[in-house]
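These notes open a run of structures that come right after.
In what follows, chain A forms one complex with chain B and a second complex with chain C.
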Partner chain A sequence: MQDLGISILFKGVNFQRLLMGLWVTLRLALITIGLSGVFGLVFGLLMLSKRKIPKIFCRCWLEIVRFMPQLVLLYIVYFGFARLFGWDLDGETSAVIVFTFWGTAEMGDLIRGALTSIPRHQTESAAALGLTKGRIYLHVLIPQTVRRLLPQAINLSTRIIKTTALVKMINVTEVLKVGQQIIGQFYRQPDAAFWVYFVIFLLYFLVCWPFSLLARHLESHWA
Partner chain B sequence: MDGSFILAHVPDYLSGAWVTLRFGLYGVICAMVLGLLCCLLRYFRIPVLQRIAGGYIELARNTPLLVQLFFLYAGLPRVGIRFSAEACAVIGLTFLGGAYMAEAFRSGLESVDRAQVEAGECIGLTRGQNIRYVIFPQALATAAPALFANVIFLIKETSVFSVLAMMDLMNVADTLRTSGGRTVEVLFMLVVAYLLILLPVSALATLVERRLRYAGFGNQHSV
Partner chain C sequence: MSETILEVRDIHKSFDGPGVLRGVSLEIREGEVVVIVGPSGCGKSTLLRCINGLETIDSGEIRLRGEVISGRTRDLHLVRQKIGMVFQSYDLFPHMKVMDNLQLGPVRALGRPKAEVEREALEMLERVGLRDKAQALPRTLSGGQKQRVALVRAMMMHPEILLLDEITAALDPEMVSEVLNVVIDLASGGMTMAIVTHEMRFAEAVADRVLFLEEGVILEEGSPEQFFHEPKTERARRFLQSFTYAARRNRDGIQPKNNPGD
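Now for the complex of A and B:
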């Protein structure tokens, strides 16, 4: 009797190889999330500034990432920048640049939204109680902003994790590519591809789902 | 930039845009139907089916489209389930989009104040009339921005259809890039093509949202 295709995943180090492949995209996602958080804060504050030029600049930036598929942006940086500026960036660097460019704008917009959603009277009441400006931020504004922001920021993080799968398209060896290599090695096993892609599907789900649950929990808990 | 190169390849991009737009629309329409169905199953708490709908929404929202397409196109045929590339494209986009549409419809339905339904009952509307004249118009109006955001999101997601060997915009550009080496012109046309598809969708969204402003009657948040 022939083995089921799933058994090939447990032959040798195949499963570890898949996990290492997944880690390639997860690492990119983590770097992107970190950078987007930092730059996003600046972006969000710029959007709220009273000056016109930073506002328009941020608006244009946000519209670009809203309208361009991330894959197009990846192509522009990976293939286009080499032509335009002579920068020969590798796939992972291009990915971090593109996803941070995108994540910064999205995160900035979330931060802007969270900050503006706090009613004015909160600041005014705190001032009337005699809190100093620093204390108003520390005890009144920042806690409320974080409550509104955190669930949305977690959701954005899962979107970033899912989107980093696109690096497959610019020749980065990630989990799908490793999967293809494993399938190629076991070409005599007819259902290998089914199990490999099924397991990759499950792996992504197992990574992203806890974040979604956490975001939903925080949302209902804090709302 | 080489103007004659651009002019010479406008027809290629037109055919690519047609593929992107056509399969994007099929996916969007099927996703709306599936999303509405899932949302209603959960809203009316249909036993068993609401659980299935809930599980499906979690699976679809927490995995990347690229991985879903690999499973559909390269995995399933190995266990005897075979779809054409075009069918995979529509099924994949529907699978992904249905979950996002369901969430958008749900947020719309939940925004309709209980008092509205009770008021409808008081003036003698039947359950069907209440749904048709009270709940549905308001829910749809509230959900409209999220629904349109999903439409734009799904059309952008079609950019990974090139892994199915479909000649969509992305694949047209990629083929021209590898054969001709005119990377800058190729990418420039790609950006313009996506803008020409997505800007009208966005304009339509603004128009529809403006006409549906009557939503949220009785909610204190919106006027």
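Now for the complex of A and C:
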């Protein structure tokens, strides 16, 4: 009798391989999210600066990120940079560069939005208390910004986690790639593909779901 | 005679269009309560905002206890520590409990020890009847309670002068008096104040002196008795009349209606 498709997942180290692939996905996403948060803060503040040049620079950056498919950006960095500058970047590094380029702009725009959504009276009444500019930011504006920002930032983070699936196109062996390898080995098993992708779906769900629960919790908690 | 706290000399201020303040001068002495009234858009808020540096003035001079405070940028926060201000909108910091709102200025701007500030804050809250709200978040308070906390927050800085800009304008009518009573209490305690208000009966009760501002100039100045009962200018008379209502004539024969929309 032929095995059920799902059983192939428990043959040998297949499941472990999937988990290793998932770890690659997560590592990539976490590095990207961390860097995007740090650079995004700078980006957001630049967008709010009174000077024209940084503002225009950030706007252009954001537009590029919005209209360029991430996959194209990945190809440009992974294949293009090697040809153009002779940089032989490995897939993961290329992915971190591209996703951070994207995440920085998106996060920066969220930070800008959160900062501008705070009424002017908050700044003014903090100023009227005689607080310095730095302290107004530290005690009044940033805490409120973070509260508005965090749910949206978490949503962006889950988007980043999902988008990392693209890196299999530049030869990074993340969870989806591992899945395809497993399916390839069991090509005789017609329903293997379904079960492998189903498990990958579950894995993504298990990773992203807590994030969206957290986002929803924070949203209602701070509303 | 008591010392002059605030001296505003011939200040001018315009935004894009014509001048909003066109040569305003005034002097407020220690412990004095000056009420500024005038029609909407005459520059009352702008005047108060210029005093604590939220707006820059185009010309003129502002002094606090003799020290020039206008035209500064670098150490403006030090000036503002001596000038309290409460606005019309509820401007408590929504992410902080009442107690943290009250402590922020004294602890973070003045560097006073937290425990001492907390004790004082509780006493002040007691005075305005909100001691049990120390740990509450602003959004759980009523408008009147918020404005009382905002007053306490400004007072916690022990300012030389308190500027109040229509602090009851956004309140439901039944909450106005609980806030204004706190102001009257502060006035009795000797607090120096410049108050902008549309509550004329309150103005009359609290003021030592009334200024009537119109189109960016002080048109009339006098004691509350004089200003409210025998205004000198026709403009002031008309302004005061806008707060009274003509009695209905011919009451006989009109059936009382119970129409709520009427």
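Things worth noting here:
Convention: the second predicted complex is superposed on the first by the 214 of 223 C-alpha atoms of A that agree within 3 Å, B and C clash if a C-alpha of one lies under 4 Å from a C-alpha of the other, contacts with A are read in each partner's own complex, and residues count from 1 in each chain.
Heads up, the rule we're going with is that contacts are C-beta pairs under 8 Å (C-beta built on N, C-alpha and C of every residue); 3 or more make two chains touch, one makes a residue touch a chain.
Here the structure is a predicted model, which is why all the values come from computation and not from measurement.
Shared-chain residue A:R147: touches chain C; no touch with chain B. Of the two partner chains, chain B is the only one touched by A:T158; chain C is not.
Legend: residue contacts after superposition of the two complexes on their common chain; A:A192 is shown touching chain B, with no touch to chain C. In the superposed model, A:S94 makes contact with neither chain B nor chain C.
Here chain B and chain C are compared by how many residues of chain A each touches, and B touches more. Contact with neither chain B nor chain C is seen for A:T104 once the two complexes are overlaid on the shared chain.
Residues of chain B that touch chain A in their complex: 58-59, 61-64, 66-68, 70-71, 74-79, 152, 156-160, 162-163, 170, 173-174, 177, 183-184, 187, 190-191, 194-195, 198-199, 202. Chain contact summary for the complex, chain A toward chain C: residues 119, 121-122, 124-133, 135, 139-140, 143-144, 147, 222. Within the complex, the chain C residues that touch chain A are 52, 54, 77-85, 87, 89, 91, 93-95, 104-105, 108-110, 150, 153-154, 157. Residues of chain A touching chain B in their complex: 5, 66-72, 75-76, 79-80, 82-84, 158, 162-163, 165-166, 168-169, 176, 179, 190-198, 200-201, 204-205, 208-209, 212.
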